[in-house]
Amino acid sequence: MKNLLDNEILQDFLRTPSAILSFLVLLAIIFTSIFAPWLVNQNPFDPLQLDLLNSRLPPVWIDMGVAEFPLGTDEQGRDILAALFYGARLSLLVGLASVTFSFCLGVLLGLLAGYFRGWVDTVVTRLADLQMTIPGLLVAMMLAGVIKTQLPAAIQETVMIYVVILAIGFSDWPRYARVTRSATMVQAGEDYVLAAKVMGAPARTILWRHVLPNVLRANIVIATVGLGIAIMLEATLSFLGAGVPGTTPSLGTLIRIGTNYLFSGEWWTVVFPGLMLILTVFSINILGDWLRDALNPKMEHGHA
Amino acid sequence: MLEIRNLAIEFNSRRGQVKAVQGLSLNVQSGEILGLVGESGAGKSTVGTAIMGLLSAGGQVTEGEILFKDQDLVTLSADALRELRGRKIGMIFQDPMTALNPVRRIGDQLIETIRHALGMSASEARQRALQWLERMGLPEVEKRINYYPHEFSGGQRQRIVIALALCGEPDLVIADEPTTALDVSVQAQILGLIKDLVTETGVGVILVTHNMGVVAEVTDRVAIMRHGQLVESGPTSAILTAPETPYAQMLIGSVPPADKRLRRLPMPDESGALLAATPEAPKSDAGRADILSVAGLEVTYNAGGLFGQRQGFKALKDINFTLKQGMSLGLVGESGSGKSTCARAVVGVAPITQGEVIYQGHNLVGMPEKERRPLRSAIQMIFQDPYSSVNPRMRIVDIIAEPLRFYGIATNKRDIQDRVEALLHSVKLPPEVMRRYPHQFSGGQRQRIAIARTLASKPELIICDEPTSALDVSVQAQVLNLIKDLQDEYGLSLLFISHDLPVVRQMCDDILVLKDGCMVEHAPAEQLFTNPQHDYTQQLLALMPTLGN
Amino acid sequence: MISLFIHKLGQLLFVVLATGLIAFAIFSYAGDPVDAMLGDAASEVERTELREQLGLNRPFYLRFGDFMGQAVQGNFGRSFRSNEEISTLLVERLPATLELVLVAAVMTLVLGVTLGLYTGSHRNGWSRFILSASLLGVSMPTFMLGLLGIFLFSVHLGWLPASGRPGTVDIGWWTTSLLTLDGWRGILMPTMTLAVFNLGLYVRLVRAEVLEIRTTDYIKFARARGLSEADISRHHVLPNALSPLINVAALNIGTMIAFSLITESVFQWPGLGLMFVNAIGFSGFPVMAAYFMLVALMFVMLNLIADILLVVVDPRLRRG
């Protein structure tokens, strides 16, 4: 980032302990997700490595727990600690992928609607409004559930993760579109856009070179919030059984499996993935909050 | 009544401590209007808010005293200060559109303030509120006291704002740019109102403004500020006719005179010496070719609809004029007159529904883009708002190079750099500027950058759309001088749009007056100013703020 | 004014029709209910017969028209699994969901506005605490909260029931659980679960609005006239905050109606959401479509009420 402004943001970051802490936590989570195979012995996604004899073991500090599985195991013998790392990896991947999808779709539609106005604007706005009356959860569930029934059972398992990404991604595009549209309308009224028109630049050049870089900033905060929402949405879908297949469990799937044993007091399959989930989203939200305040021009003196 | 001694104010910002005001001393008596003048960043508004005790977060008085009737406001507690506000010291805000609570009736807002300041009963306060509204010249007060702010015009709202500021019967009033957001005609009324109120009630006023014309019109004494410090102060007439300090001289000299045209405005040149204020005559059109001619031009917005049923709004009706090569034509009018629309029509970004725009023999109306493209390089535009006319996310070099690349004038990096450097030089900016971003520059500098971009394609015709209206008066003078320099050097033809008549007198040879989209008068510059024919033109000239009062 | 009302009503119709269409289209292409109903063992003949009977062979627009025509009269057909009238099912389930959402909504709105106003006007330790707590609240997926609640209060402490809707009383066609102590014990955890996320959201939104208002010129002018902070908060900040607050409240309640899906699943709360989730299990498309349309209807009505309230509150919207 060569821009002086971005340097200021870095300064602000270094002055905010909560932001630094949550960034480090996230970094740790990402690190464990990427390097999971080297950090734990078992790959919980590989059925060959699971042994039912090991199932439902409690964490190491409780009677009957073993050091090999420090946080206990689930009903299939999966090492909870390993599952946390692999599951987090899945959650993060799905989250990032769906946010990217939402972002691209929403920003594109927002640009077109805000710049060309007219019928394009009407159509996009109506669609966005229509979709926004129905909360994302329902949209994602519907999409995921329906596409699932259309797939032949054979490829269902491998394709399901893409379906989930698509469903979650599609459920959130209106937010990006709305913000981009307003920002685009503002930029389109600016004189430098007019200068480009006077010069004779075609619309696509103007949009790409002049408008887009100036509307990206508004979307950054939306995207960080969106990431937290996407991760939670994926977990919710998996919990309800409409998400990723059970053989590659995400944190939500683990919780679903664990719910059955909650009443007999076997809490570790629910609590540990749950805490991991909350920790991840909480860190993202803290960073997102800080980012929003840092990018807000009104917060010149450190407070409004 | 009010005496400020050696005041210093500092602000905490992301970039550290900023000294907004230093070593300021001035005083205000009852019954007088003190003008507090300066360019942007001078600290004049800060002084006003400091007196009220309303400095924004992060600001504080670090030195000095503000003595109001022998009480030092700086040392007063927050509660005590609040007691004074509205009752003893009042403030008139700048923008009438945002200064009033939009969801409460103006009557309620007035009554609330009166009751708080004077402790009256509800019915007494209401009577008083009605009296104030009448005094402000608002019609049908019994009915209108129950209206909401959005039901009034801008000028009426400002009167309500003044009523709100004064209904607590303060002894001192701070008016922070009270007429800047208003049309010229309304401005005159509001200033007159303020002057009357001072005479009637004996209140003391600090009038903060950047407009020298306003200063000349209403103030008794004036204090000039620069970079947070007091530069000069004294009786208005003395300062305006014979300023002593160089800065004051420059400031007053840069106001375009309304009564004559100068060769250049008397600003310091590179060596620091003041340019001479030599008069010059407008150019004559003898022996010059037509470069642009507009015939029967009509522009209609929002016409059409799915079945062509919408009438739309005719922004321009039947406009005709001819611009000769190397000359400047001024388009004058108030807001809504259509002058900007005319500019946009010429460059091809307005919906022309009838007429012709002929440039060097080619009719631009209805021309397909392919044919138009080469002609576009010859017609360029300078915009009003320097903060909006350059893309904040592009480096200066890319901003200026864009036309070079687009028209294929230069393609390799070296060539582009050389040309950009040359262009920066012609607008008197150093080459180091190239790698930086717009937010690192002031308004005046950005306008120069915009001008450099305009020159990149070697245009012959430049449309100037209020190019200096958003600039400080001294910066305006520099930019206007620059435009004239460039016109002489490159033989440019100018279409100059402005609402500011003295500026137009400086820059233009011919003038076209517009009102509500129609041509009202068209005459050579000197003739228009000395012998206006149409009523409207005469009206405009009468309202022109001048220093020579 | 009237024209605005009609316009909004038109929008309502449009949304209901659109959701009905989408729901019906997707569900009719999404799977074969005949398979679900008859199982694998059925013969081809039986299948064809059933198809004829259900009218599944007719062209799309006919089936849709039929569906909508019936739907408008409140007749959604019968559930594939239980063969109950879907409309009966809806009426049965509606009170559970509405009460859940209502209690949670009241909690969220009242607490949200109070805390939001407070944090928007004060910058102290309490404010920071409330904001951090709300940030945490927004980071907790509803189902997670529910499970933790069950684990703590039902399994460990045994204070509150883990599932079901106890203590119901019939009033006409409505069943309420708010009149008994048992009922309140049963509804407590589900509503808290539903409310926490939305409370966190609402507090932040209200605070943002209040902060925005505090930076306006008219608030500065009010201060310049010497009005006290209390007066400013009451007469200037709050009235201007109502407008955006109403908008956000509508959105919030809508979100809660959707999230009740999750809460009802976790707590086996016998409402519309649980009905929907169960229907997914047996591919009960008419039930799913009916749920969808009903929920869309509720959202639109919420927005309509919000719009009407907005006109009442903001004088700028009257007379255009």
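Per-chain numbering from 1; labels A, B and C assigned in written order.
Methods note: a residue touches a chain if its C-beta (ideal position, glycine included) is under 8 Å from a C-beta of that chain, and two chains touch if they have at least 3 such contacts.
On a predicted model such as this, the values are computed, not experimentally measured, just so you know.
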Maximum centroid distance from subunit A, chain identifier (CA atoms): B
Pair of chains joined by more contacts [C-beta pairs], A-C or A-B: A-C
Inter-centroid spacing, subunit C versus subunit B (mean Cα positions, whole Å): 51
Separation of subunit A from subunit B, taking each centre as the mean of its C-alpha atoms, in whole Å: 48
Centroid distance [mean C-alpha coordinates] between subunit C and subunit A, Å: 23
Of all residues in subunit A, the ones touching two or more other chains: 303-304
Residues of subunit B defined as touching subunit A within the complex: 11-14, 56-58, 347-349, 369, 372-373, 376, 379-381, 383-385, 388-394, 399, 402-403, 406, 437, 439-440, 450, 453, 457
Residue ranges of subunit C in contact with subunit A within the complex: 15, 18-19, 26-27, 29-31, 123, 135-136, 138-144, 147-148, 150-151, 155, 162, 211, 214-215, 254-255, 257-259, 261-262, 265, 277, 280, 283, 292, 295-296, 299-300, 303
Residues of subunit A that touch subunit B when the two form their complex: 3-5, 8, 11-12, 190-192, 194-201, 210, 213-214, 300-304
Subunit C partner contacts - residues on subunit B that touch it in the complex: 52, 54, 82-87, 90-91, 93, 95, 98-104, 112-113, 116-117, 148, 150, 161, 164-165, 168
Subunit C-facing residues of subunit A, complex: 130, 133-135, 137-138, 141-142, 145-146, 149-150, 228, 232, 235-236, 239-242, 252, 255, 259, 262-263, 265, 267, 270-271, 274, 277-278, 281-282, 284-286, 289, 298, 303-304
